[in-house]
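Report on the following structure.
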Amino acid sequence: MNETKKIQLEYSQMESDRMRLNVGPQHPSTHGVLRLEVEIDGEIVTEVIPHIGYLHRCFEKHCEKMTYPQVIPYVDRLDYISAMNNEWPYVMAVEKLLEIKVPEKVEYIRVIMAELNRIANHQIAVATFGLDAGAFTPFLYFFRDREYILWIMEKCSGARLLFNYFWIGGLAHDVYPSFKQEVLDAIKQVRKTNAEVMNLLIYNKIFIDRTANIGILPADVAINYACSGPTLRGSGVKWDLRKDDTYSIYNRFDFNIPVGKGEVGQLGDCWDRNIVRMYEMEESCKIIEQAVAQMPDTGDVKEAIPAKLRPPKGAEIYQRAENPKGELGFYVVSNGTEKPDRIKARGTSFVNLSVLPVISKGYMFADLILILGSIDIVLGEVDR
Amino acid sequence: MLANEIYEILKKEFGDGILEFKEEAPSDPYISVEPSKIFDICHTLRDSSELMFDYLMCLSGLDLGESLGIVYHLYSFKHTHKIVIKTTVPKETPTLPSVMHLWRTADWHEREAFDLYGMIFSGHDNLIRILLPYDWEGYPMRKDYNEPEEYHGMRVPY
Amino acid sequence: MGETNFLIKLLGDNLITVLLISALPLGFLVVYALLAILGELKISAWMQERVGPMRTGWKGVLQPLAEVIKLIQKEDITPDAANKPLYNLAPYIVFTGAYAAFAVIPFSEFFVPSGINLGLFYIFAVGSIGAIGIVMGGWASNNKYTLLGAMRSVAQLISYEIPGAMAILSIAVLSSSLNMQEINKAQTGWFWNWFMFGGPGSYEKLWVIPFTLGLTLIYMIASLAETNRTPFDIPEGESELVAGYHTEYSGMKFAMFFFAEYANMFVVAAVLVTAFMGGWNSPFGSFLSGPLWGAFWFIGKSFFVIFVQIWLRWTLPRLRVDQLMYLGWKILLPVSFICFLFVSLFRMLN
Amino acid sequence: MINYIKSIWEGLWTVLVGMRITLLHLFVRNVTIQYPKERFPIPDGTNGTAMARNRLELDMDLCDGCKRCSRACPVNCIELDILQVAKGVEQPILKNGDKRNAWVPSYEIDFAKCCFCGLCTSVCPTDAIKHTTEFEYSSYKRSGTVSYYFDDKKDYDRGLKFSFINLTEAEIEEKKRVLAEFKAQQAAAKAAATVAKPEAQTEAKTE
Amino acid sequence: MGLLNRLDDPFEGGGIILGKVEDLLNWGRSKSDWYLHFGLACCAIEFMALNASHFDFMRFGTIPRTSPRQADFIMITGTVTLKMADRIKILYEQMSEPKYVISIGSCSNCGGPYWEHGYHVLKGIDRIIPVDVYVPGCPPRPEAMEEGMIKLQKLIREQALFNGKDRIEELEAKKALKI
């Protein structure tokens, strides 16, 4: 079944009726409330027009009305699957505006939390990708493991999904005594399930046939569309903000940047984007192991939290960090009061989704769903 | 390459088109430019071999009171340097050239800026609303925006 | 006919008997469908380290009953733009196709509703009626998703009928009969007499075993496609076509499709069991064999096959429609031809 | 041809590998926690963990009406009124021994709006407002108000707005009256003082 | 006429057979609830967790359906924007009777965190469709959603089919009289 090449469309010779299909906003596999206007010829997609904004929750307007700490709950709700990673660039941006130095222990806890959340996010991404392909069981195995990670986060922050844990200058709560051991147990479980899913789903022949050689995204197109994260790395571009524009304490850890290699198909296909996520989970496990070993036991996580938050007037900063989905940036403009003048979130999924019409043309309708799944979007971040 | 060197290069090429260069901690250094020249400047930024800004990180709209601002955050994969380009347009005639054909990612960013702030990007292929419904009125991120009372028979305020 | 049906022996050949004979599979079907629904829910749950329905009766055993009661009460919507006669007729046609196949299924040595000589042929003929119902339902719903689902379904059914028929044809060659009861009788004895293992014979049959095993596998795959189950559930592929051809159906009409799917599962399992796995024969020679034990073995084996179907469903991802065609036409069909060739050769040599 | 056979073999083999994994899971003990009978361990602030952020609870005997929670709330779901304590006339104390500065005659949290971010609990100086581990208060109505101290605590079907007042209407009236009297007294005293002062001044001037 | 008494008065006297039938029908409906596979925002992720092994929503007899026609109830899990509101109304209308709605989370209860400045957020799903159970939380724990489900099942169990009025309303009226 390796003959599934991109089907060449020659409409000059083959005139046939095209059907306009409306996929979404309520559709089981648009990952939320995305609407795709699809033009299909038989089963072949000839045009895709994404219509977004069905979850436009006025994030940027809310930011103007809130004080700096009050924005954090709203930042959580952007990419609600990886809320810790969302909070981080925002908190870093404000810390840079205020020129706050964060204590050592806080940095380590932040790294551990962000990487745990990265694992949780990739678990959902791979799980829903498998679900799009019709495999339901790996989905539940991943969600079972994700639960163990969420328990750790809940014990630290008090919430299961939207944590409000990273505060400007510190953390909302210190970690609990058995934290390190539980984190190590959780990543042990993650590795076990990953090995299982590799056999059950990723290297399954049907799955390979479904996902290899479709949705090919060349590296230059990816950069021109400003794709980032696994979407870009799946195309073979070795670029990770944690290494290439390093922030926090990531330069202390030893980890690789997995890139797509075109192992079973062409470089930059859906399978490559997916396998990058699987390998990244392993890299995150490595980072966590190192961070747990190096983390200082003592220290106050709240000591650097400022009492008054008034960044200098006119100061502005664009801070980006490696979200599980790619580059998440916050452009923060201060007007000298305790409320920001403007916060713009550069949503990773928003940018990554814009490449969908380009890479899904000429494939079959069933492939469109998989290509969408392989980009791993979250509508909260697309629409903001 | 440092920001002031980039400024020198641009200043040499565009002269009056470049208005200001500002670099003070904690803010990012930025170059503010003439809005009508933005396409040419961005073209140089993208294609000249020593700059090579191939990655548009972010394009944001701003409400500055009397005028609207547009901010471009650029990054270069090759040289790993970044720069911020700023420009302002008056609120009454918020027109400036589109950079969509330089960086395709600007397509949706510009549509979003049009949607929320009402800037007109001339040269954009498909400048329609993106986040809000197509029949929405007004530009909600402007500071003088008032919430509508009703939309399609549904009450909007709480 | 008399000797294959204990009811005729008991009550004589009259109208009441005929009605009773036709009602018996229906009763069985209802009980079976409830069990299969429960089995599907529970087995999928256990495979995923869950527990499945737990709050309906003891450990959730009454769950399917609750579903039937609920489905009876649901409002029956007919879309305004639908073609009403066809729309209303379609679920019944699908169900009829599935139910009619029960007429020739030999449940036991002494019970087969109708022991006609063209049993296998009849099953294949009747099995295709379902496709008409599906395409009727999909087209009449006047919905793009249902139409796509129906089109895919028909393409799939037709292309998988051929390898399935080739597999069954080999059995007809081996047993030199199309009567399902005869095929069963040919496999009497220990389980190595099943046609899955080359049928009755001595050591000479050893070389044909790989081919008959292959045919079993081919029929298994083809039957999955015919019942629209994963990995071939493309017509109702949830991730792309919402719910496929029955997207617009609700209430009892949807229940008909639902029942028909489970009935079809049993029919293909029964054919597989009859043709390849000895039907109502005990696997251990004369141990536990007899008319009632026959029914037990037959239903037990069928349930095992259904378990495998459920097992596969919760393991595999779904194929794409062109890959499905590829698998059907370019892999299953040639392989089944080769197997058929060698089986015929074997038959000729003996 | 070799590729053809190899791909068939790969297909069969990977399917078998997958089937083995799911079959093994069939015999693994399930992890489900059957909610109404069994409970998940919810972190409750002991052993160094954070408090799980579920329904808020207010200890009225600790609340001094400082309004910090209401200001910190990003969604403005906390609404409260305060009534000054008539200092001198009455000297109530809080549970923790401090002097009470204000009575709180109305304190409502609308859990339909609340975003459970925990900012209100972090700013409370007396720890009066706290998150609890309770999450079972779904309701058939949204708009109704549950009076936390007076209603039966098992019966939360009345709504999602919680009123945390432990004063009865009569008590509130009483407090208002006392305050009004006190204020009137103070005003009178002030007036007397202001009247007295100029007199004294004029007296002083004339002298 | 004892049997038919229940038609008018479900609580007093006779009506055993109809009462039993009603109980059976209600039992069937309450134990077999198929929900519309439908996620909107943050709560949908917790809803996915609810379907996963640790919580196992299927214990309650629920099965996800992708088509609204076959669904018995819909869980509004997340922020409903004005752009989306029309669609949800259509979805609700496409569902076949009897149908129920559970509103999950602050956003669908009344706009949640976005109730004050959200120019594009519908402030409460009950402005467009009737809601049976409100589950508070942002997002609610999966157990809280299960509790909402139990409340919905209780509501269905206590519905009166043969006199057109909801039993729950009458019960509440009686309760109010007694108090």
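In this document, chain identifiers A, B, C, D and E correspond to the written order of the chains, with residue numbering beginning at 1 in each.
Heads up, the rule we're going with is that a residue touches a chain if its C-beta (ideal position, glycine included) is under 8 Å from a C-beta of that chain, and two chains touch if they have at least 3 such contacts.
Because the structure is a prediction, the values reported are computed rather than measured.
**Q** For subunit B and subunit E, which third chains touch each of them?
**A** Where subunit B and subunit E share a partner, that partner set is A.
**Q** From subunit C, how many touching-chain steps at minimum until you land on subunit E?
**A** Minimal hop count between subunit C and subunit E: 1.
**Q** Starting from the Cα centroid of subunit E, hunt down the chain whose centroid lies farthest away.
**A** Farthest chain from subunit E, going by C-alpha centroids: B.
**Q** Identify the chain whose mean C-alpha position lies nearest to the mean of all protein C-alpha atoms shown.
**A** Per-chain C-alpha centroids compared to the overall one single out A.
**Q** Using each chain's Cα centroid, which is most distant from the centroid of subunit A?
**A** Using the mean of the C-alpha atoms as each chain's centre, the farthest one from subunit A is C.
**Q** Would you mind pulling out the distance in Å between where the CA atoms of subunit A average out and where those of subunit B do?
**A** Here subunit A and subunit B have centroids separated by 25 Å.
**Q** Distance-wise, how many Å sit between the C-alpha centres of subunit C and subunit D, to the nearest whole number?
**A** Going by mean C-alpha positions, subunit C sits 59 Å from subunit D.
**Q** Measuring centre to centre with CA averages, how many angstrom lie between subunit A and subunit C?
**A** It comes to 44 Å between the two C-alpha centres.
**Q** Determine the centre-to-centre distance between subunit B and subunit C, using the mean Cα coordinates as centres, and give it in whole Å.
**A** Roughly 62 Å separates the two chain centres.
**Q** Can you list every residue of subunit D that touches 2 or more other chains, as numbers and ranges?
**A** As it turns out, subunit D has residues touching two or more other chains at 15, 18, 21-22, 25, 30-32, 34, 42, 74, 115-116.
**Q** Quick one: which residues in subunit A touch 2 or more of the other chains?
**A** 1, 28, 53, 56, 58, 61, 73-74, 137, 140-141, 144, 162, 200-201, 204, 206, 383 - these are the residues of subunit A that touch more than one other chain.
**Q** What parts of subunit B, by residue number, touch at least two of the other chains?
**A** 131-133, 140
**Q** Using the contact rule from the top, write out all pairs of chains that touch.
**A** A-B, A-C, A-D, A-E, B-E, C-D, C-E, D-E
**Q** Where on subunit C is subunit A touching in the complex?
**A** 44, 47-50, 144-145, 148, 230-231, 233-234, 237-240, 242, 314-323, 326-327
**Q** Mind pulling up the subunit D residues that touch subunit C in the complex?
**A** For this pair, the touching residues of subunit D are 8, 15, 18-19, 21-23, 25-26, 28-32, 34.
**Q** Residue numbers of subunit A touching subunit C in their complex, please.
**A** 1, 3-4, 19, 21, 27-29, 43, 130-137, 140-141, 144, 200-201, 204, 206-207, 209-210, 364-369
**Q** Quick one: which bits of subunit E touch subunit D in the complex? Just the residue numbers, please.
**A** Residues in contact with subunit D: 53-56, 59, 103, 106, 109-113, 115-116, 124, 126, 131-138, 140-141, 143-144, 146-148, 150-151, 155, 168.
**Q** Going by the contact rule at the top, pick out the subunit E residues touching subunit C in the complex.
**A** The contact residues of subunit E facing subunit C are 24-25, 27-29, 31-33, 37, 53, 56, 58-61, 63, 65-67, 69-70, 72, 94, 96-98.
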